[in-house]
Amino acid sequence: MVEEMTNQKITVALIGAGFIGELHAKNLARHADVALKYVVEPSEALGRKVADATGARWLSDAAEAYEDSSVEAVWIASPANTHTDFIRRAAKAGKAIFCEKPVGMNMEDVDVLVSELREYKQPILIGFNRRFDASHARLKEIVESGAIGEVEMVSITSRDPNPPPPAYMKATPGGIFYDTMIHDFDIARWVLGVEATEVYATASSHINGELNPDREYDAATATLKTTSGAVCQVSASRRAVYGYDQRIEVFGSKGMVQSQNHGKTNVKVYGADAIRTDPLKNFFIDRYADAYVREIDQFVGAVRGETTNFPNVWDGRQALHISMEALKSARSGSPVSLK
Amino acid sequence: MVEEMTNQKITVALIGAGFIGELHAKNLARHADVALKYVVEPSEALGRKVADATGARWLSDAAEAYEDSSVEAVWIASPANTHTDFIRRAAKAGKAIFCEKPVGMNMEDVDVLVSELREYKQPILIGFNRRFDASHARLKEIVESGAIGEVEMVSITSRDPNPPPPAYMKATPGGIFYDTMIHDFDIARWVLGVEATEVYATASSHINGELNPDREYDAATATLKTTSGAVCQVSASRRAVYGYDQRIEVFGSKGMVQSQNHGKTNVKVYGADAIRTDPLKNFFIDRYADAYVREIDQFVGAVRGETTNFPNVWDGRQALHISMEALKSARSGSPVSLK
Amino acid sequence: MVEEMTNQKITVALIGAGFIGELHAKNLARHADVALKYVVEPSEALGRKVADATGARWLSDAAEAYEDSSVEAVWIASPANTHTDFIRRAAKAGKAIFCEKPVGMNMEDVDVLVSELREYKQPILIGFNRRFDASHARLKEIVESGAIGEVEMVSITSRDPNPPPPAYMKATPGGIFYDTMIHDFDIARWVLGVEATEVYATASSHINGELNPDREYDAATATLKTTSGAVCQVSASRRAVYGYDQRIEVFGSKGMVQSQNHGKTNVKVYGADAIRTDPLKNFFIDRYADAYVREIDQFVGAVRGETTNFPNVWDGRQALHISMEALKSARSGSPVSLK
Amino acid sequence: MVEEMTNQKITVALIGAGFIGELHAKNLARHADVALKYVVEPSEALGRKVADATGARWLSDAAEAYEDSSVEAVWIASPANTHTDFIRRAAKAGKAIFCEKPVGMNMEDVDVLVSELREYKQPILIGFNRRFDASHARLKEIVESGAIGEVEMVSITSRDPNPPPPAYMKATPGGIFYDTMIHDFDIARWVLGVEATEVYATASSHINGELNPDREYDAATATLKTTSGAVCQVSASRRAVYGYDQRIEVFGSKGMVQSQNHGKTNVKVYGADAIRTDPLKNFFIDRYADAYVREIDQFVGAVRGETTNFPNVWDGRQALHISMEALKSARSGSPVSLK
């Protein structure tokens, strides 16, 4: 009987059919434990395309999905500034919730949300995709096993192959912090298992011309102090010609563990001038392809009440908070206390 | 119009719902360009299980599928000794054909098949899965580009993590040659683009006790001479405790290219006594997971008349032939000419 | 004629026969272009031991060596607090000078020395050993070639296997900055070819008990801003159980270059649980063994008037200055301007 | 007393001042436990040059050195066809002997020598330099520790960067076997600790034009069967554009161990098209520089009566024997029994 129940599919409504929404839609539709019922998307073109490809029904508005009692879970992949509200409504509707990072774009509103959500018992989870990467998860497991002793230093390198479009960068000044490094701050908290107490950051603009006409920040570093005494250094850039550079290194009293980069292939070519391998996987779609699938696995586990390590709204709030304060530090040139 | 046509799904009947058949069934069902209509399998339990999981219809016999004119392609994943006959019947029925290696188990019958098939124009392709691995395919591309000059030597290492069950080994004496090394011989022909003229092989039994009570061959080497003068060395074993060891190395007048092993993760742990990484991916299911999907992509391309490098029945015949002669060489201790 | 002159050996007096002095003595004695005439060392036991082993004459005091006109060069490897004075006297005596880092321990005195030395023309060089490492030098060459474009970020990791004796640590509070990270600051300036404008540092004490009873700083990080806009992050520790961790990474607009760690051997062991390699070379004696020999090569070149990239007294002063200010930053918690 | 004696230097006469003789001369002269007294060399120019550079005395003939009772050891680095005779005379003179491989060029004469030498007790050692490489020695240690279980397969790759001069190649037909692969056969015996029973070899000529006008063999493979049942594959070439390719791989019932290649530097460059490292060390002078020093260390140990694993005349005889029979196999196309 129990077995039968766990085999029952979870009915899901997806909100958002943009680039990342489409990616989730395909993975959800393919997942053995998920029935994707609705694709909610204001743009009919986008919405119908994704709904048709996945056998779901397109809705222009979330209301019908939220009211449909057969919908157990809502999967939010809409624009960042709509997250807080969609979470709030889905929580009230009693749905289990997955929401892409960030949990919101307005710190005060996010804090209100966090306190409102205290009364809800269903899983309300934030999609920090990197936590679901097999190599990063193995690193975390090794740190927790004690194999490297007490953690003393963490180094995170995080470089995108190309900057987002200039219009997007202009619309989100300092976005490198709350768009990109927010992942790194989440990884730091996740790996260390403690809170950051202070952040010092630098930000630079190296890219010229068409790719960054407004000279927005395109590179940044951050140094986090934490409650355990461990220090974390982050290095981020919006442009790395050799591919998507994603590394975590944790140094402890008994050793070190690294989650290293992933090449496009495992081929090595030996020539007279050099030994060559292919560059890194190009971007998160390739690098974290498996992570997006594991994310659904873990979400299903959470909905079914099995133990899970899924990041929750508090994790989303903390990573956003550090990002915002890091941006302030970069602008002022001084470290900022995180209380 | 053309675009619309290429987007039409290809209707497929799968033959065989054992371990490898089930793997193909899932990939076929998921593939955007394939409609899996039938699962043909004598065992009702196996057949229904796979058919239900993929939305296909179970048939106990292939006849109905072969007669159904909506079925464009047959995907053969049944036991090795049924391959020749299923190919023959599917060819007569005008179906495009994918067949798992080997093309058969009886050399004479395979030769008859090869000559019979000369009159058919549809794609009749053999599933040497390794050719579809992204790293191996990249190695082939590099060799063809001339980057390493004229090929002089090829080294192939091919070690399974564990031997098959003793009953299976006993039923297929010398199976390490036509079961396992057949892949290596295919790779050698594929990479070199020439035929082998002579094979010298050794075979050993190293595994004792329950795993190999009949002392069947569990390790073997082969040396191939070829029409181009290049020499190929193969090293194979049915047991490698560190995982599935799959390497190709091609040495030429201007350099060398290697397709290297794939670890389970990209994590590296630095301790006082050693620096550790995780062992290799365990077996072909993990190592060649993507290759099985690419195999379908390429098959779809072949059915649609696009250029393809898919191995054909002649390739299947040649790899089988070398395997059989290698076994003779190992037994006699002398090199065997391949005519 | 010229050729003959360049083949003439350079007569050298070594000052200091402690651990590092003995190392230099052996390398000097072995060098084809050097005649080691004197070993100056107050301790008769140490001095005689090193002099005997190298065929040199022991002197308890430098005066005789400084007055001997056949001595062309002085090689200073005495305790750090004696460096400034030995350099001053050797410069007055007209000798070419090699001096181990740091150039001194007192910032004001070092600044006086720097201005005094302006009138001397002979080579007065500081032994930042890492600049002579073949891999680090190759990294520098690649950066200068423009292969990675404009430098945007530098990451330096620098971890010793074990802390120095507690007595030494107690006598040099904050020594991790001017003892160890001074090398990293020199590397940053050398690789970037620009000056640092600001430093932000953190310092921690992680080691307990007998190894660090006084809880001196044993781990530190630093972030340097520079005149070019490039930012440099340094991560240093006095204890790494897996060996001497020495890495430089330079990230630019067109790529990245890394000088990676050196293992004890190139052996790889594949087991059922892990793939293992040997830990890193244990310490600077092993890791920089070749660098110490190249240091002499380059010094000989400098004495002979050939072009050289040898660090000079100004380099020594700048690295010391950044170290001292980094220590202040770590203590105050705020970034410090480097003027 | 004992300590004093072990600290006494061993007086050595070097025979041969060609390329490899000069290399040994410098290492011997530098070695703390060796006094190089004579350099024996028929060519006055070569002999004086090496003698002068090392503080030794030049002799045109070995007789004086053999008669000088202060000479404890003879270090033979003369042309290969003089080895057997120099060993014979030195043995009679009671000297400890180091002789470069091969032990001779005439199999019958070598066999006579082997039986003559049975009555001598002093160390008579053959210089297979690879045994003294730290990585290869570590591999051997790991195999002996049982960490990889029973050895089942050995793979040795051995490729020189460039062929020797055409005149040399013409004068030594089949030289790739007794010149180059002789090292690999020695390594196989050393690692396995058993004798080879049969050899099958192939040989090819790939290099054209000026580098190999006589189309001598420039590439070869060999397969050795052994008394333990382990099989060894060797792949050798006289031309590898990417440097000196030197690898050993040992596969056993409990794992695998590899001694991998050595790059020129540890630098890695990440570009848009590829990730590059420097090619391999160019040749034996670089790759085995440390091995040549360790060779002297071990020889000194042998002369002092300490336990040693130095290859002896029997090892030299066996490696030569396999080489000669491998050449016969390559010529005939059939495996050859090694009795």
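Lettered A, B, C and D in written order, each chain numbered from 1.
Basically, a contact is a pair of C-beta atoms (placed from the backbone, for glycine too) under 8 Å apart; a residue touches a chain by one contact, two chains touch by 3 or more.
Just so it is clear, the model here is predicted, and its values are computed rather than measured.
Participant: Spell out the chains that contact subunit B while also contacting subunit D.
Facilitator: The common neighbours are A, C.
Participant: Among all chains, whose Cα centre is located farthest from the one for subunit D?
Facilitator: Between subunit D and the rest, the longest centre separation is with A.
Participant: Give, as an integer number of Å, the spacing between the C-alpha centres of subunit D and subunit A.
Facilitator: Roughly 57 Å separates the two chain centres.
Participant: Could you grab the centroid distance between subunit C and subunit D? Build each centroid from C-alpha atoms only and quote it in angstrom.
Facilitator: Here subunit C and subunit D have centroids separated by 38 Å.
Participant: What whole-Å value do you get for the distance between subunit A and subunit C if each is reduced to the mean of its CA atoms?
Facilitator: Each chain's C-alpha centroid was found; their separation is 42 Å.
Participant: Where in subunit B do residues touch at least two different other chains?
Facilitator: Expected reply: 240-242, 254-256, 270-272, 278.
Participant: Provide the residue numbers of subunit A that touch subunit D in the complex, in ascending order.
Facilitator: It is residues 240-242, 263, 269-280 of subunit A that touch subunit D.
Participant: Quick check: in the complex, which residue numbers of subunit D touch subunit B?
Facilitator: Answer in residue numbers: 150, 152-153, 155, 157, 159, 198, 200, 202, 204, 206-207, 219, 221, 223, 225, 229, 231, 233, 235, 237, 239-242, 245, 251, 253-256, 333-335.
Participant: What residues of subunit B sit close enough to touch subunit A in their complex?
Facilitator: Its residues touching subunit A are 30, 134-135, 138-139, 142, 147-148, 254-262, 264-272, 278.
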